[in-house]
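One structure, as structure tokens, below. Some questions next.
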Amino acid sequence: MKHFTSVLDIPSLGNWLEDAKALKKDPRGHLHLGKGKTLGLLFFNNSLRTRLSTQKAAINLGMDVMVMNFGKEGWALEFADGTVMNGQSAEHIREAARVVSQYCDILGIRAFAQLENRELDESEPVLNGFLQHATIPVVNLESALGHPLQALADAITLEENRIKKQPRVVLTWAPHPRALPHAVANSFVQIMQRMPVDLSIVQPSGYELDKSIIGNTPVYFDQAKALQGADFVYAKNWSSFEQYGQVVSEDQDWMVTKEKLGDAKFMHCLPVRRNVVVEDAVLESEQSLVIQQANNRTYSAQLVLKKLLEGLTL
Amino acid sequence: MKHFTSVLDIPSLGNWLEDAKALKKDPRGHLHLGKGKTLGLLFFNNSLRTRLSTQKAAINLGMDVMVMNFGKEGWALEFADGTVMNGQSAEHIREAARVVSQYCDILGIRAFAQLENRELDESEPVLNGFLQHATIPVVNLESALGHPLQALADAITLEENRIKKQPRVVLTWAPHPRALPHAVANSFVQIMQRMPVDLSIVQPSGYELDKSIIGNTPVYFDQAKALQGADFVYAKNWSSFEQYGQVVSEDQDWMVTKEKLGDAKFMHCLPVRRNVVVEDAVLESEQSLVIQQANNRTYSAQLVLKKLLEGLTL
Amino acid sequence: MKHFTSVLDIPSLGNWLEDAKALKKDPRGHLHLGKGKTLGLLFFNNSLRTRLSTQKAAINLGMDVMVMNFGKEGWALEFADGTVMNGQSAEHIREAARVVSQYCDILGIRAFAQLENRELDESEPVLNGFLQHATIPVVNLESALGHPLQALADAITLEENRIKKQPRVVLTWAPHPRALPHAVANSFVQIMQRMPVDLSIVQPSGYELDKSIIGNTPVYFDQAKALQGADFVYAKNWSSFEQYGQVVSEDQDWMVTKEKLGDAKFMHCLPVRRNVVVEDAVLESEQSLVIQQANNRTYSAQLVLKKLLEGLTL
């Protein structure tokens, strides 16, 4: 694994989940591995969990960390090749990525979808710009299309809470006042497709995810029916993929309630809008795994950094 | 002491002042104590001294530090319970505090009074939100009602400069072009009330502090008279408490001058507006303790962190 | 050397270039030197290379680093003496510099020219304010008049790539859509004047640099002619010094092309506007040294910090 940009970069998920379990038992058992190595975290968007958990993961591995809010503290970047740069952008990704690679050993990049132009978002200009021009391993801290560190934390959490051999996992769309990207939903679907679970997706018509992500996963439109018998319910809002970036329904009936949840465990990546996405009663119940998911962000990031550091020393 | 949110959390001020003296003599003598421990500093307002001195204190104790400008780098927080979160706030304190507690061992929070609604400020929504929901010790880096790290630094400084057994300490209101919170004045009064000093407060009519803070401390309205025979003059502006958050007087005659000061030592928490709060001649004289007070911010923070770390390892 | 604010602070450039070579071979060979020492980096302007390379340099020396975006995270500073501070500025440099000196062992300051008032820029209010009032060594991370860490990195890079004993080095003005400061050009000229090179400057009429910087260095106005036979071409835009801070020409004919470059090596401090300052073909060729220059920023900063740390321990 040269970079970690997608759930698909995980060579063997089963082995990784075993490794994560071991890491969590002894988080500071590999302090030597990161000694003298520097992690650069470049944020093009806001962040709470990713910012702090990835720093913590690096600290646990003995790494030094440099955090930068790229847009606010650095220079506006140009990503297109051949441009005459006489506008807003002061620096080209070709220089920025190569330069930063010289100050760090591993690079983390967060750059959300802008939800204005599907083709542009699908080209992942920021993440792919760094992937193409950086000379060190790159970690996706949430890009336009995916949030694999979150998905890995979700998989670890599910593994810690599974009772059945093949639990029923339902990803349900939930309402939200603003248009949100597809990254979390995409990566959750992708990682669950690689686990021994019975996965399905339910959302209002018009909110189907990208077909290439859905693959053979069953898609339903009746939330009540889809949630019946679920062992894990993962709620998440996303904007329309077909009418790209649009909010085509804010139907409050899709909010997850304790009644709908039944005996299932509740999952969400956070931040979550209470009483819009899910009612208070769910989050305050023992069925909620959201705090545990957030905790596993540290170990998810630490596992990825550990694998990349091991690759560096080969 | 589980948290450090107020001067009143100090169990024995006399012992603490002795401990501070010892700590200052050997600031890096407890590097083992913070090893493997992480301090999270969450700023909801700007900061210079608190930001740097608290980081330095943690470094002196061998801790790792993660600093975050919460409002600018994270998500807008909701503090009210039961809200339908379909407005500006993207995350509830119930999640944020519990999540961050998993990445840190001690948490520092700075959130000023907004001076618009007294009841809201008195409820200390941010600090109390973290206190209620965090699962780790919380340190007040200045809240609506108090700035105990500053007050402790003030007490250390006064202790270092006292000659008399029971010096006369006067807290005087001073003019300022903007409306300022009561936090520094509150905590200074509270800590002086616990020391062997003869404390009084002087301010123009309309600027009386909260009665529950004043207690039995004498309050005067004639600055010239109040400053006579003072050993320490602490100047600070605050807005009206009665006409909450209003500037009811900008009377420049209240500026502290060398003449008014007499032989007293001058104290201020900084930042200070020169020639508005106090004239240049005072700050440039040997009677000014303001730089020493700022230096003691490191040891004040370090003492608090040390006590909390010792509590963690019990 | 008490501070590092200008190329002229380097006592013996030849020795420093030898030291830089040794440092680069073993960057982490002096971890003991910075142990227990703290570097404070105060940014009044944006930064990518300086921010990250100087942090990395400090890490390589075992130092702790505290980074602060002064304007955005702290208080607006007053630099003029005797002011009645009833306006925007909340803190005077006299306090800020003395206070910060107590939390750090070395201080780095970045504060660009504002290009509105030549006399004000030439007085270097921010850098000189810190120099005057700080009680610890100060490093210039780019001020109104100079960028000596960049110039030192440039000199290291030139040294690594020189073939001839006395190469021909040409600093050429290049077009840019915005008005830029003179700092990089000033410091490059100053450091080249101290090296065994044949230096000349070429720019359109109206873009002559400060005469006190130019000294005896030949100045030309015909770019094609000036670049003939050059071994190193350093391109940089700057605004007019005579018509202070104005863009008096945007003549695109001054863009550096592969054809103009001939066999010379190409240098630029970055960030660079592609196809405005220099064409893509140059930056993508093996003649470009810009990435190597950026890499040498780490060693340039590390050498300066090392010298200052050695001074501290004397």
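For this structure, a couple of remarks:
Per-chain numbering from 1; labels A, B and C assigned in written order.
The rule we apply is simple: a residue touches a chain if its C-beta (ideal position, glycine included) is under 8 Å from a C-beta of that chain, and two chains touch if they have at least 3 such contacts.
Owing to the predicted nature of the structure, the values given are computational and were not obtained by experimental measurement.
In terms of inter-chain touching, the protein chains here all touch one another pairwise.
The two copies, subunit A and subunit C, are related by a rotation of 120°, based on C-alpha atoms and rounded to the nearest 5. For the touching copies subunit A and subunit B, the fraction of interface residue numbers used by both falls below half; the interface is of the different-residue type.
One simple way to say how far apart two chains are is to compare their mean CA positions; for subunit A and subunit B this gives 39 Å. Along subunit C, residues 72 each make contact with two or more other chains. Taken together, the subunit C residues at the contact with subunit B in this complex read 36, 38, 40, 64, 66, 68, 70, 72-75, 78, 81-87, 89-92, 94-96, 98-100, 102-104. Within the complex formed with subunit C, the subunit B residues making contact are 28, 43, 46-49, 51-53, 55-56, 59, 69, 72, 177, 270-276, 280, 283-284, 290-291, 294-295, 298.
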